[in-house]
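Look for chain A in each of the two complexes below; its partner is chain B in the first and chain C in the second.
And now, the complex of A and B:
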């Protein structure tokens, strides 16, 4: 813009050069992504061929280093889902309550402290949170429920909830905040009070964004490794209790997730062994879950924008 | 002191947004079953005046109000705000239906009042949509989203939504400023119809519109009511030089 007389062609060329460079960087990201995905799948392949996908998904005996090895990952899949489900049940109502409070009810000074404070929670390294859970929460859980140790699914769920909270609050608050002021005015003008306006107008209008916040929080929880590794005990037993013969998830027992399995066994697995390839299968299963969750989230978010 | 013929009376109403004065000693009486237009340049206080009537100004915590606004028998502050807003409905500048179905929009206010019987809701929904001249266009798609309607239809839906709770007064804040001429003409016809049953106060920046639809016109300028009279008189023979300058387009 500055050198209108002499630099016109140069500026245009520079613009194009920058555009091409940015395109290359963007393409590179996609290439890396594809390489990782390809690597994951090709490394899984020997194990899939040898053991079979069904054995991984349905088998319950995970004993890769045994003389008669077992590669059933169903208990870890179950563990991952159980922990993630718990990490939805707890922080969703909690997070939504905070989001509604911040965007609709909190006085300005409170909002200006609360939102950054919560967002700071998101930047805590998970190993630090895991350590806090290990030395503070786990002994407390053991005492309250009279257990031998406090390394349980519940401990993991509570720590994951604390980690998912900022995601849920932040996105739900954005969604609620972006509900047009005109809707609130219309509601008040029809004689609605504040609570009626929030529950019957604002929340329904923000429901796609709120759904997205929940799914992203869920994605965060199911992919989380370190915290769970530290506080959930990692036992390979199936964490269920039978009530009148019906197995129900038992959150007071130790649980092992897909992510923890890779973290625990990945370090000393013999390279190229069947066990090594089996861990890649676990990775592929995990990737599939998070991929589907992200896809669904995108779809919901897209629908939310179209509606506006 | 207050004119018993008037549905709405205000005496020396002043209003401040923080330190800024938005209304200065406004006194006017609004007669029943007539259309009263409020005109004036942007920022003259005309919309603010409208919102003091159904106490929408209270939503802004920095607002201070002084003076008397009376609706029927008592000052608006003495009403329960739900009752006041049920009896004094409001239509906004930008059509603002909720992102719900057409039907759910119309019965929103009724449900707030605790009315749940389907036959009653259906009956009132149809009546309100008919009064808002929208029934024939939407009767086959009441369950569709209101967001799929055109701007003019949305505005008539907002009018139906306001009518459903049985108001006596309709406050309209520039109801046509976001609409095209055809949709505007429909709303103007509708206002003409509705004044048989309702008292209508309409804020507009469009002087031709005020001249077409209103019985009485108030001219606001810099937070004050300058002149208030029969519409014919305001447009043909204003008393105040500033009114004349405004309606002849010398400023605004």
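And now, the complex of A and C:
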């Protein structure tokens, strides 16, 4: 009796100890995040002080290794958003269709092939996809659109679409799958058919998860580096064309993103130089974007869940 | 387990071989990094040297001249291969990190500007090249080729010594054409110019394949010379010939000294032509000798 009593206490203490350890490990990720953020900001600071934040955000001349250097990143910011937004045009409808099919319509054997196939697409190294884009897709784009070269924003967008698709499908599919069965049964009981149930009951009920899937897909696209570095040409001009005097994004021109700039220039830059600090400013800008996107995603998920 | 056994076997065989070859051979490890223009050349040198000195291990990698120089400044490499000279501020940064840098010219490059073989223009003045690279001229029609269409400029990236050399020597430091494409390697540019009839690019003469390496004239009144002819590179008549450098981390001794001396020897210089670059002229040899005697190796 005594030994059992003693053992009981020992187990409880051990449980508490494990819980505390796990809490510490979890807190460590927050600490890492803070350290990275702090590092980015302190490293950016000398460039911000000398050049000014406004020049980075609004300036359009990026020539940091010139004798009269320019540090305007606005075209890269535009480029990053342009390709990330473009990379949603295709995978959002396509991904949602796949998610609906897998979760509502597909027979079990089909689902069991489709899901792992999509997840495999997600783990392809981006450098491999970039190489495929460079060797196969770019010459094809050049031929189809009769361009001199195929290193265009469109080439990047297509490759990014392939990469964003699995993210969108898997999260949207989770959201649709977690809509309670009672909703569907209630809908059928009211005389709705399968399509009406999916479109008018299931999807509205899963909208927060679907929105989150789109935003995470956007986050994935804006942070992608290697593929774009290889296939998008990295030109510094603003890829817009004017239709009836209105500037619209031109996807048949080359584009440079924030990530590609860091990847191109980060390796060679003399440490401690103004250029080096300027690259940290680019990193901070990029971090801010992805952070805000994640925050918004979280907010959307939370808000709509409470409302339901 | 079987794999481990095999690995041990290989190591053992290497030891026996090493012992058999004897102590006269130089041994050690050198980290050599930098210019993409020079990576094939450096690799070929290193392989030929290692054939003769099986106990020496030389690791040659590219990444760009800037990458090699940054590695040297941060004391991470033994030799930086560079296709441009080190800037005074880079030298100062190296000194701050207690890295003594010694410069040697090891080969010459007739930096080639290439166009597609369909392009009827095979000769340019330096001023024309500047106008093309800065985007002042954007259509081949302005250069007398009416069917050429819009010019596509292919450039290396800013970590490339070749990029810096062209920017400073042809473009007077002015900005690149806004539509210039920045590609990550000499071969990639050669390949693009080969496929794109309206393309123009630049890179080390050793990478020219299946394209036209254009003749370049200093100005309208001068004759245009080809980088493919050694005499014009040697004489400096080809306007964008340039030296290729080794920057050594500290006074070379041991393996680094042996390797450097071998590269500057006739045997080492003979390798250069196989890769498509050019051996040193007497002036460069003299300059190297001066550095060597200054640091007490002569």
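Keep in mind that, in the parts below, the second predicted complex is superposed on the first by the 297 of 308 C-alpha atoms of A that agree within 3 Å, B and C clash if a C-alpha of one lies under 4 Å from a C-alpha of the other, contacts with A are read in each partner's own complex, and residues count from 1 in each chain.
One rule holds in what follows: a residue touches a chain if its C-beta (ideal position, glycine included) is under 8 Å from a C-beta of that chain, and two chains touch if they have at least 3 such contacts.
Since this is a predicted model, take the numbers as computed values, not measurements.
Touch criterion met: A:205 reaches chain B, while chain C stays clear of it. By the touch criterion stated above, A:180 is placed in contact with chain B alone, chain C being left untouched.
Touching more residues of chain A than its counterpart among chain B and chain C is C. In the superposition on chain A, A:96 contacts neither chain B nor chain C. Look at A:64: by the touch rule set out above, it reaches chain C but stays clear of chain B.
After overlaying the two complexes on the shared chain, residue contacts for A:192 are found with chain B alone; chain C is out of touch. Note: no residue of chain A belongs to the chain B contact set and to the chain C contact set alike, using the contact criterion stated above.
The touching residues of chain A, counted against chain B in their complex, run 180, 182-183, 185-193, 196, 200-201, 204-205, 307. Taken together, the chain A residues at the contact with chain C in this complex read 61, 63-68, 70, 139, 142, 148-149, 151, 229-230, 233-238, 253-254, 256, 264-265, 267-272. Interface residues of chain C, counted against chain A in their complex, comprise 63-67, 69-70, 73-74, 89-90, 93, 149-150, 152, 157-159, 164, 167, 173, 175-176, 178-184, 192, 195-199. Contact residues on chain B toward chain A in their complex (touch as defined above): 54, 56, 59, 81-83, 85-86, 89-90, 92, 94, 96-100, 108-109, 111-113, 147, 158, 161-162, 165.
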